[in-house]
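See structure below.
When the chains are written out, they are named A, B, C and D in that same order, and each has its own residue count from 1.
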Amino acid sequence: MIELLVALTVGIPILAGVGAWFAEGRRATQLALGGLAIALVSGLALAGLVFADGPVRAFGGLVVVDAFGAYMLVLVLVVAAIAVAGSPGHLAHKQAADRLRRHDAGRYYALLLWFVAGLAAVPLLDNLGLVWVGIEATTIVSALLVGFARTPDAIEAAWKYLILGSIGIGFALLGTLLLYASSVGVLGETSDALDWTRLTEIAPRLDPGLVRLAFVFALAGYGTKAGLAPFHTWLPDAHSQAPSPISALLSGAGLAVALYALARFHLVTGAALGPVFSSTLLVAFGLLSLAVALPFIVAQGDLKRLLAYSSIEHLGLATLALGFGGQLALLGFSLHLICHGLTKATVFLAAGRLVAERGSRRIGRLGGSLVRSPADGRALVVAALILAGLPPSGIFVAELAILFGGVQAGWGLAAAAAATILALAVAGLLFHVVRVSVGPAGPPAEPRSSGGAWAVLVALPLSVVVIAGLWTPSPVAAALEQVTVILGGGGG
Amino acid sequence: MTIDPQTASEIVDACAAVIVVLGVGLAATRSIGRSIWLVAIQSALVGVAAVMVGLATGAGHLLIGGVLAIGVKGVVVPLVLGSILRRSAVRRERHPILGPRASLIAAVAIVFVATAAADGASLGASVAASHALPAAIAEVLTGLLIVMTRRKALSLVVGLLVFEDGIALTAFSLTYGMPLVVELGVLFDLLIAVVVAWIYARRMLDVLGSTSTDQLRSLRG
Amino acid sequence: MIDPSTLANVILGLIQAVLTLLVAPLLLGITKRVKARLQYRNGPPILQPYRDLAKWWRKESVESDAASALTTVAPALVVAAVFVATLLVPIVGQRPPLEGWGDLLVVVGLMALGRFVLAVSALDAGSAFGGMGSSREVAIATFVEPALLLALVGAALAAGSTDLGAIAALGVASGIAWYTPAVLLAAGAFAIVAVAETGHEPVDNPDTHLELTMIHEGMLLEASGPRLAIFTYAAELKLVLVAGLFAAVFLPVGMAQDLMPLSVLVAVGAALAKLVGAAVVLGVLDASLAKLRILALPGLLATASIVAVIGLATRLWLPA
Amino acid sequence: MSIASAFGGAGSGPLLVAIAVVLALATVAAVAPRSRVNPASLSLALSGLACIGIFVLGVIVLASGTPVVASAGDVLGFALIDVRYDALAALFLVALGVAGAASSVYGIGYQAHGGAGADRSAAAYPVFLASLFLVFGADDAFAFLFAWELMALSSALLVVGSRPTADVARAGYLYLALTHLATAALIVAFAILASAAGATGFSSFGPAAVGLSSTTRDVLFVLLLVGFATKAGAIPFHVWLPRAHPVAPSHVSALMSGVMIKVGIYGIVRFGLEILGPGPEWWGLLVLGIGVASAVLGVLYALMEHDLKRLLAFHSIENIGIILIGVGVAILAVADGATAVAGVALTAALFHTLNHALFKSVLFLAAGSVQSAVGSRDLNVLGGLARAMPVTAIAFGVGAAAISGLPPLNGFASEWLTFQSLIGAGGDRALSLVARSAVLLAVGGLGLTAALAVACFVKATGMTFLALPRSRGAAGAHETGRLMGAAMASLAIACIAVGIAAGPVSAAIGAVADGLVGQGSTPATAIGPAAVGVPVVGIDAVYAAGRLAVLLGGIAGLTWLVAMRRRTTRRVPTWTTGIAPEPAFEYTATSYAKLIRLYFGPILRPAREVSVELHPGTPFPRTVRYRGEVSHVLDERLYRPLHRGAVGAAQLVRRLQSGSLQLYLAYSVAALIGLLLVARS
């Protein structure tokens, strides 16, 4: 049963991708939607099982899914669903602008599906080495997607993403190696010496020196993928140049998955050395990311880059929460990550449509969008207000929980600094959003049919986030509880 | 045939020594073509070391991994890179950020730093820390040095490969390699990475007309 | 049978009310007469103000066709505010006629009420002079009111009460000891602002109708007939109010506490003497001082505030 | 927790539910499709109904003395709605109820009259009311911040409206951004208290706060003060207020000025005084200083305005200042254990809060009527409206007299109490000499404020309603709608009534205040014939508002009868030295304030430029243009440089993202080396 679900969740997208690669136009679209639908259903079912009756193992321990993994799986698949659902519109516009070659649609969907498969696989794997392989694979596939537009800027972004990503991920490999070395010292060269399940068990016996080094390298490596400053330099380029659905997936899920891997290292390290070492580093880099993102948000001229830096800010906050630890902050973390994923994916889609309609991504030329293209303008404003952490929204609750939890966990100053930076960032973000929505109007928009499907696609995730700020159904609450328990080191 | 671990580690050390020398050469040369073949040999040597150790310890996964490594990194990758080189007009690193002499000095310095670092590295008694570790660290650093000081896309890829070799060597020096699945995965990823790099290098040639990363500075702020 | 002290207060209050209402125009006459004499003129007869009032009262009322209903009601409001204020000040008796209805803050408030109504109604006709007078009045008041309050608060702190009856009583009781540095400085400050409040030199010239100089008269320019009469009477009454206030706080002598004929006579005499004295002093000032440039006034009036503050400081910081 | 289970014991539970339901309905109604009945009107009517309910609730709580408790909504185990309406909250509920009801009724006529808010953005109005309703009762940090932020968001939406101009959008943005910054301070403060208490409930904060170190308490006080003073619009945190309030629809402006900024006062009293309890003297001195500065500067800047609603907005700053003076004295006195004085001071503050809600609402509503009748808020094009719009004129006049602190209206009563508390504190030996000196200086400041307020409202009233109309629009104006008139009239009457009933009202408030400052059961303050005294260091003055009002009215009426009845009154053109009178002869708002502008030049630093254009070849001027403006010191010396500096710095930092791949790698490697050093050490 579990095997089947796992196979469907990861395998179907891969196969559908293969199919899409050779298909064209509508068929590719259908394959993509169909494949993802299956993956989504089976993935949610799997997650449901895990949340209902605890961790599951499959394929002889190759796959182990605990609550945290299931949570990540859900996050990835839901965001992926938004991205895929937003793709046809995107491609249609490219088609209209006739910037699309014969096979492009098929290739696009194929890569997208493989990207999703990679992201979905990572939280299912037990072996940290394979986790690394999965993340590296997503890096490479997404690198192809980032440069999909073939414009000079797109190529530049993709190239930087590829090089910086590979180097960063290389560091992560070194980290994995060091961890392996330390566990080999305890277990001998067994195949499960890199399984985080085993590692958490034997953590106290691991060589502290090696574990420290391992975590440091993992922080640098997965930190690069998660867009932690100062390893974030590729992110604004890639996220702003990629096709909007890809930006949505990268920002909404890609970063989160990298953070997931880092979190696993954090848990092992914490179990081995006690919480102080890794927590302190996480807090430090979370704060640094917040601080670095701020000026780029305040003085930003490019809408999609603005959103990218907002992602850096929010991932910084999530990392901060991870470092804070403690029931409250972790609860905030688990709520924040998924709410941010949903919102950011939606806002990237809206921004993409806006940019396509107005023919520019310069904030100065997007003015008056509320009038020029109301549907997308409204979506952008609402999503921005949510990202700003204004109620009612899950992000508002999550931020409060994180900040309160931080102070509770004894990180008073860090929390205070974070609160200030967040508020300033909101000031910056809203400033630009006001310019875009009601600022002096730029060039006229090509009116674009925003059908009911689009309305639903925008309204659904946003309303989910809003409701998350008003009421948490008890099963959801229970699920988040389990996640926090795991992140609290209470069990893996 | 069987070799006792002692000899195995000696072999690894020998390979490591050669690899270090090649690394210095890589840092110094300005000809991209030459650097491609140098890195190919280097990668192959890592593979050879793996095979030898595999024979020594009788660990099958090392044999397979090593052979594949020789095949992929020693043969396929150089061919791919070569094909781009043939397309591109410029085949020398004209104005590297760090001149050849300077990089030579830097490379040598790196070796010493690496040695010192490896001695100081508190890797614990758990690992039979062989002399390959300094070499590994040196290669990692050399790779970074190349990527940071070259302008041509190909040179960057070469640097990346050196970096990868360094990591692979680290794997040997710490623990005789990693579990097979991981090894294979790493190799596979590396291969795809190079292919993607190849794709983008081609696009650069098509769209920008050269593989120099100097034009890639329009995305700022 | 109501208790005698209340009865005494009621009767003394009635006496004060009648006295103030009767004597108000006289004071203006005295001031003008003194001023004229000092300028070697005959000047108008002392009772001239009464005649003026009677004359205006008989005239028909002429209003601007731009004016609203406010013009009609304003005079009544102003005079009511000022008169009620006088009833809160002990002038004849030692306790104010309306004891317990309001303290010195209420007196200041009622003055402000009168000023507000007068200044607004001056804008009603839309004449430039009205606006000028009105704007000057309120501008100067911004310096008068703080000084007034600070001065009175100085006395209130000395007496431990803002109730004028209590202040006066304490003043009478403590005799010469009443005049601590604090109280003296407060008196000085009050004296300065009193001139401004009553519209005499060097702040305002009650006799001029030159638009460059006039303040109070400017506001009355559009008033005629009975309205002019009432406004003028209110102004005269205000002099009584200010003088009485000064006397009650800083010169509490000879005030009656009971209905003994002698003490009542003394009280009335004392009250008259104080009021007339004030009128004379103002006359002397009118004659001897030139009007200050309107931009120079803040200097003078701020001095009052500073003096008052120094008074408070001496109270706080000097060993009692 | 379910809503049903929420009202254990509390008798007023059903009322609470009713209010919530009605407000919800109002929100829905606003977004409902346009049917026979205009959705916006329906929504506003429902909102008004809810406000009446809120008023009743407040009165019930005050009368019964038993708090009303409720909680609902559950996110991650935090109750988003967790309210406890005690006496203090009830006072603000009363203000909210009255101002809200009037504003809602007014709003119906206003938006029917073509005013703003006649579209979907009207949905924010009930939400705004609901958030105000919640924030006053919130009994839990999360619930409070939820209501607080919802209040900021909804009011910002109301300010911006659905089709904003660039300036309006900027105003709304500035407001939202600044209030959010202030919220950060609150979050940190609450977090500290919560972690000390181990719970987020306010009930647990008080005990926890006692145990904290004095440094922590100081930090907490400053954080809370910054957060709440910003919402209150006190100087120097006021920049958003004069921009946001004027551009909102007038019934919203009334609520924002009348009630919303009072949330700041509520917070300072609730947290600075009740929860933190007695602190060092400088807390009180700080608040007192802010109060005096806000009062004086606020009214000065108001005098310099000739935009009617901006003028009123600056007066909100002034009145917040007056309120803060009271609060400051209260904190000061509590610090030194002089609870009697503290009681008077706090009573004064709370009383003035209520009064300001009344007269500022009526003023804003009247200003709105003027705007929709004339089509402009510029005093220099208004004038002569008194005869065209009598109701508006009288309502505005009453409001003006009240806000100028003239007896016997409500404004005077609370200012009288404020003076009493100042004098009382100045004479109280329990306070340090420094404190007493500061307090006595504040007397001068308050006096100056009162005088300036008189000047400003003589100007505002005169320029708007008297003399000849200065524009065609003003000449053609006529009274706006019955509903609007009714709303204004009722508020004006309320001002008079509260002024006359100052005795009982202040006694009721005094009971609450004394409870907060720990003064004994006997109300420290009772003014009016009933009580013989204000036991503030023996100041046994009594202010009999009612009797004085009757006497004043009687004498005035009598005089009027005698003087004016059956008189022949001739109406002639105003005498303007012989020529036909024109509006051009009248004093303008600018010229009226000129003398004060010159007197206070050092503070206002006025700049004027006169450009004369001559008839060609003659010395005779064809046009003379005059431009005069005063500079707002804090805007120019503090905020503008701050903003410029921040953006400049950001621009500099952006250079780091230079586009050079090699440089980026250098960042990563440097960071990694740093990490390795950390790991090694």
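What we mean here is this: a contact is a pair of C-beta atoms (placed from the backbone, for glycine too) under 8 Å apart; a residue touches a chain by one contact, two chains touch by 3 or more.
Note that the structure is predicted; figures quoted are calculated from it, not measured.
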Moving step by step through touching chains, the smallest count that connects subunit A to subunit B is 1
Relative to subunit D, largest Cα-centroid distance belongs to chain B
Heading the list of chain pairs by contact pairs is C-D
Subunit A to subunit C, mean C-alpha position gap in Å, rounds to 78
Between subunit C and subunit D, the Cα-mean centres are separated in Å by 35
Subunit B and subunit D have mean C-alpha positions lying a whole-number Å distance apart equal to 69
Rounded to the nearest Å, the gap separating the Cα centres of subunit A and subunit D is 44
By the touch definition above, subunit D meets two or more other chains at residues 654, 657, 661, 665
Residues of subunit C that touch at least two other chains are none
Residue ranges of subunit A touching at least 2 other chains are 159-160, 163, 167, 213, 236, 296, 299
Inter-chain touches occur between A-B, A-D, B-D, C-D
In the complex, the residues of subunit D that touch subunit A are 73-78, 80, 141-142, 145-146, 149-150, 152-153, 160, 163-166, 169-170, 172-173, 176-177, 180-181, 183-184, 187-188, 190-192, 194-195, 200, 646-647, 649-651, 653-654, 657, 661, 664-665, 667-668, 670-672, 675-676, 678-679
Within the complex, subunit D is touched by subunit B residues 97, 120, 122, 144, 147-149, 156, 213, 216-221
Within the complex, subunit B is touched by subunit A residues 127, 129-130, 132-133, 136-137, 140, 143-144, 147, 150-153, 155-160, 162-163, 166-167, 170, 173-174, 176-178, 180-182, 184-186, 189, 191, 193-194, 207, 209-210, 213, 236-237, 240-241, 296, 299-302, 305
In the complex, the residues of subunit B that touch subunit A are 59, 121-124, 126-127, 140, 144, 147, 153, 156, 160, 163-164, 167, 170-171, 174-176, 178-179, 181-182, 185-186, 188-189, 192-193, 196-197, 199-200, 203-204, 207-208, 213, 215-219, 221
Per the touch rule above, subunit C residues touching subunit D in the complex are 57, 60-70, 72-73, 75-77, 79-81, 83-84, 98, 100-106, 109-110, 112-113, 115-116, 119-120, 123-128, 130-132, 134-136, 138-139, 141-146, 148-150, 153, 156-157, 160-163, 166, 221-222, 225-227, 229-230, 294-295, 298, 305, 308-309, 312-313, 316-317
